[in-house]
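Below, each structure is written out as structure tokens.
What follows is chain A paired twice: with chain B in the first complex and chain C in the second.
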Partner chain A sequence: MASPKVAVLVFPGTNSEVETWRICRDVGLDSDVVHWSRAQTLPDYDAYVLPGGFAYEDRIRAGAVPAHDPMMDYVIEAAQGGKLVLGICNGAQIVLEAGLVPGTGPVRKPTAAFTKNGPVPHFVCKHVYLKLAVDPGRCAITAALERDAVIPAWAAHGEGRLAATTDHLQEIVDGGHLAFVYAHADGTVDERATPNASALFCAGLTNKAGNVLAIMPHPERDAWNFNHPRRREGTDILAPSGGVKLFSAFAKALKS
Partner chain B sequence: MSLYSVAVKLKIPDNEAYTALTALRRLGVNVARLERAVVWQFEDAADPVARIERSETLYNPNKHELEVLEQNGPRAGEAWIEELGAREERGMRRYIAWRLFADAHAPADDATVRAAVERLLCNPAIERAIT
Partner chain C sequence: MRSFRVDGLPDEVLRQAASQAGLALRVDELRRIAQTLGRDPSMVEVHAFDAQWSEHCSYKSSRHHLRKLPTDGPTVMQGPAEDAGILHLGEWNGERYGVVIAHESHNHPSQVVPFEGAATGVGGIVRDVLCMGAEVIGIADPLRFGRIDDPQSHQRYVAQGAVDGIAAYGNAIGVPNIAGDVYFDERFDDNCLVNVVALGLIKESGIIHSAAPPNSAGWDIVLVGKATDTSGFGGAAFSSVTLDEEDADANKGAVQVPDPFLKNVIMRASYRVFEHLRERNITAGFKDLGAGGIMGCSAEICSSGGFGAIIDLDDVNTAMKNMPPEVIAIGETQERLCWVLPGDVTADVLQIYNEEFSLPQIARHACATVIGAVQQQKQYVLRHGDEIVMDVPIDFLTGTIRDELPVRAMSERKVTGAHRRYIDGEPSIWALLPQVLAHRDVCSREPLYVRYDGVVRGTTVLPRGSADAGVIAPLHGSPLGVALSVAGNPRYGKVDPPLAAEYAVLESVRKVVAVGARPLGLTDCLNFGNPQNVDHYSELVHSIDGLAIAAKELGTPYVSGNVSLYNESKSGNAIPASPIVACVGGLNDVSTVVGAAFHRPGSTLYFIGTPHNAMGGAVAAELLGQTGGPLAPIDYEAVRRQIAFVLDAAQRGTLLSAHAIGNGGLLAAVAKMAFLSGNCIGASLTTPFGISAGAFEFYYGECTGWVVESAAELTLPDAVRIGMTTGPDYEGGVGIEIDGETLDVDELYEAWRTPLVEVYP
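Presenting the complex of A and B:
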């Protein structure tokens, strides 16, 4: 069987495509960086990763313009067909604006947003932990993680606070869309572990089918020993307890 | 009490407005021209222009121009977008005003403005549109 191919999408203003491509490569995925001018090649891929950055300079709202980019026509069609889609940081904002997660409304009619941080609307750059908040099998990308898995990552965003109406937040809870919450290293969840006052302590959302995952923090920035806070963990270049856990699970999902 | 609305517009090319224009056209919303401004609304000021001009974070004379609006709401062809739950800044409410034109000077009709708001300019999960 041919190795699954992953497209790491680049919109004008994306800036995390290289480390995202590298971590996909280092967990054994055949991945390419695909720029917006090559959108027509996207149907050739088996999965899509939308990395961080400031696509279209966050004009109008973070994720609003790229959600309507021709690249997203392919990604939305692929997601509806069951292919895996992972959005990280700005990629998560795009996935939300495209209506793929939580997916409780029509496509490109968002019912939630990752918006300005609270309580003070400042950019946050902080080491954080993500705790899996659903049954691992609820989302295909997390299926290989253990229950209540805690994954280290770096939050680096000015607009990462989940916001929605009370009804839509309830839909997120009832529908099992809350994939990851912010936590302490020991897995306890509270306001102090949440760097941006995100509703429900939300760090990541999935859709009804569980093939799309949007996470605000960057696990790829805590994946190798050179950027993992506990440096020199083992002899491998990858830090086994780092953010690589999520990408290993992503690779397993693609190869299973 | 008097209510004032002061629009702060770029006098240099507005890249964000141009991006919005091209995105709307791609979505099939027929707009010839688009203007964007930040509208600050506040009550009781001896000199509303001076109140904005005093703040270097709101107004830079090298790239902005100010206009005291004749009405405290959207004009024809215009939509104001307000962030839900936003705190007042220095006692002022903040709106993003998008003004759409059907040709060089004629404002876009209501249906066009509504389409632009629904398809791109407003995320109702976090924003409110006034048209």
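Presenting the complex of A and C:
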């Protein structure tokens, strides 16, 4: 089988495409940055990564406008066909607004929102940890992670708080859509570990089929030991850090 | 062509006519223009000269003094002649890499409309770095605000709005904010300072100059970006007048409107153009549109290449029809840049901006378009409709002009005896520490910088708050690191402007050294009052002397800078002397980087520096209601030796943590190092014998040196052992013990953490 190809999508306003593309490449994936003007090349790819940024200026709501960009027609079709889709930060917001996660409603009719941070609605840049909250095999992208895996990352967003009606939140829990929660380094989960008052301490969602993953924090910004704020003495500062684990798992899923 | 009558008018009438037309040009300047042109200037021409000859563009009262600043040295790849300077960082894969740096103020606009004013400040400085052909890799924001205690005050509105504006812009374009500082003082009530610094990374072979290249006569002049609108008309002149509350609404029209969304796309499209030009080995000219708009930019880029230009204003993409020619030519609409390109490449470049990155779909009427040509004849010509609306010798328009203003000699500095004390009584060292930590200039800045994306691009090594300087590793796979710090203490500026300028340099350098980086060079932004006021002008001139002395002594050249004068309200409230300095540092290997967090219990703490009894401008003196006396003189020989010592220890991996002693003094530095350990590691200090200062002054004197935590014993006359780091006691408490008395770190932390939370919730 030919090496799987990954498209890192750039909408107008995306700003994290380079580091996201780089880490995909560094875990051995054949990756391209694909701009909106080349949307028609998207069917040639085997998986899609939607990086962070402010696509279409976060107009209306973060992710709401790019969810209707022609690029998303391809991504939605691909996701429905079982290809892997990973959305990070603004990419997660877009994937959610496109209705791909939690995926409990029709396409482009989201049943939840990543909305303005709480308790005070402002942008927050903080180091956090993502903890795997489902069985690793529940989501194809996390299948190669160990149970309860804790992954370091940087939260950097103004609209990352999961909000939904009580019924829809219950649906997320019951359907096993809550892929990641915020945690401390030791894996304990509480409000203090959560930078944005997100419901269920939610940091990431997956769909029913488990081929789409949307995470708010950026593991690609804790990719090398020098990125990590609590690096241990004697570690090689240019060696991969914990954030790489998620991308290695993504690569493994693609190559299996 | 509509002309502005000069000939035959008496001075007083001419002055009134100029003022009515909204011109800041003086009568003698208007007469000089008419005389040189041999006729009355056109309306477009007077507005063009008004912008080009404003203080903002011409540096007419500062340029001749700025010559005193050292601008040369082995690290300089590009000195301060262009939009940004470049410092040599190191080699990687056989290529020489440089750090591009630019530093600017956006003070006046931020005082009037803080969000937009501060945001456009970031936008402008980013373009200055971009147009050198560089990738933008970091920003910093030194801020000075007025009193913010009253929730209803304009001062608080400014302090909040400016931070939100910087966040909105920097976050959207995807450039990490890695350094900055903020001070609050009543003398910034009517004039806030919003300085911005931007860094770029460039291969030496990829530098693009802000000049029409040799043999470029006939080449295209291409305008890129937002459609020209009526915002920002008179911006350059607006920056060069004193602010009057009554004119606040009128002044709002002079403020530009930021569009970080469009800028995000323009940056990425420009990176693509750089790649294209390098592949084809083409030399082009590229420059940011700032003060003076299309006219200022196209005139400067062509005149610096030794050419003239002819521009057709009808070819400019405008936001609306029938705009007056002077507004199209001189208005300062944001998000625009200008290329000088050989004709056969123009089509490719237009394709990249307009098709591949679809600028016209990103913002209404935005695009890249040819607006004119470089010409051999050294005239600057503007066409509008069937008319020539401007036709002047280009070097007369862009050439140096100089205002001779009176300067008062500096008052004699009193010689300070080493043993003289300036603090009255014997204040308690222990009782004052919580107050010092809660002081507005010392307390935690996290409520502010948590709003800034400090880690986008994935290159951040030391984010804001974790050390004295921000550090990034901008070149993937390479161990090269870049450090950036800013400094400039207005409390010192009130005591002794020239020495405060020296301290700004010293502090910025010490901060970079504290993270283990070699200081490569500096930028300066001189924020002062009205130069027509002899006191303020003298402060400026003497401060430049101070900047020159310190930079020469420390071997750090200036490669870029900015002057912002008229920071004064009509009521006469002028800012304190505020030279703000940024220092770039280089690390050959980021693995030798040193943070400010205490590392482990049981290691030795040293003070490296020169203690002094003078406490002028010190936070502790202010809290005691005392003046504290003068600023301490600087012993540069000792400083150079200490810098070499700290850098050597960092290289060898001996330093576990380090913190430059700044606001609040040594104890505040020790406390912050404990906080950064997550309140897990404290310290036990013993006042050393035989130091050249009293114990109180030793602990609360500012800018005296560094506190370092060392894994090995340090020996040097300047390294003084002050104690050990400590772990939790048997009850789990962590403390800072000074001569046997202990303060609880958690309690100190609360005092330090909370003061700004109310303003930045």
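By our rule, the second predicted complex is superposed on the first by the 244 of 256 C-alpha atoms of A that agree within 3 Å, B and C clash if a C-alpha of one lies under 4 Å from a C-alpha of the other, contacts with A are read in each partner's own complex, and residues count from 1 in each chain.
Note that a residue touches a chain if its C-beta (ideal position, glycine included) is under 8 Å from a C-beta of that chain, and two chains touch if they have at least 3 such contacts.
Predicted model only: the values in this text are computed from it and were never measured.
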First (chain B), second (chain C), both or neither touched by A:H168: first
Partner chain(s) touched by A:G52 [first = chain B, second = chain C, both, neither]: second
Which superposed partner A:E97 touches (first chain B, second chain C, both, neither): first
Contacts of A:K83 with chain B and chain C, given as first, second, both or neither: neither
Chain A: partner with more touched residues, chain B or chain C: C
Touched partner set for A:K126, first chain B, second chain C, both or neither: second
Partner chain in contact with A:K245 - chain B first, chain C second, else both or neither: neither
Set of chain A residues, in rising order, touched by both chain B and chain C: 56-57
Residue numbers on chain A that touch chain C, as the complex places them: 10, 12-16, 18-19, 22-23, 35-37, 52-54, 56-57, 120, 122-126, 154, 156, 158, 218, 220-221, 223-224, 226-227, 229, 233, 236-238
Contact footprint of chain A on chain B as seen in their complex: 15-16, 19-20, 23, 26-27, 83-85, 119-121, 123, 125-127
Residue ranges of chain A in contact with chain B within the complex: 56-57, 59-61, 64-65, 68, 97, 108, 110-113, 115-116, 163-165, 168
In the complex, chain C residues that touch chain A: 164, 167, 171-174, 260-261, 264-265, 268, 355-358, 361-362, 449-461, 463, 466, 473, 476-477, 479, 590-591, 593, 599, 761
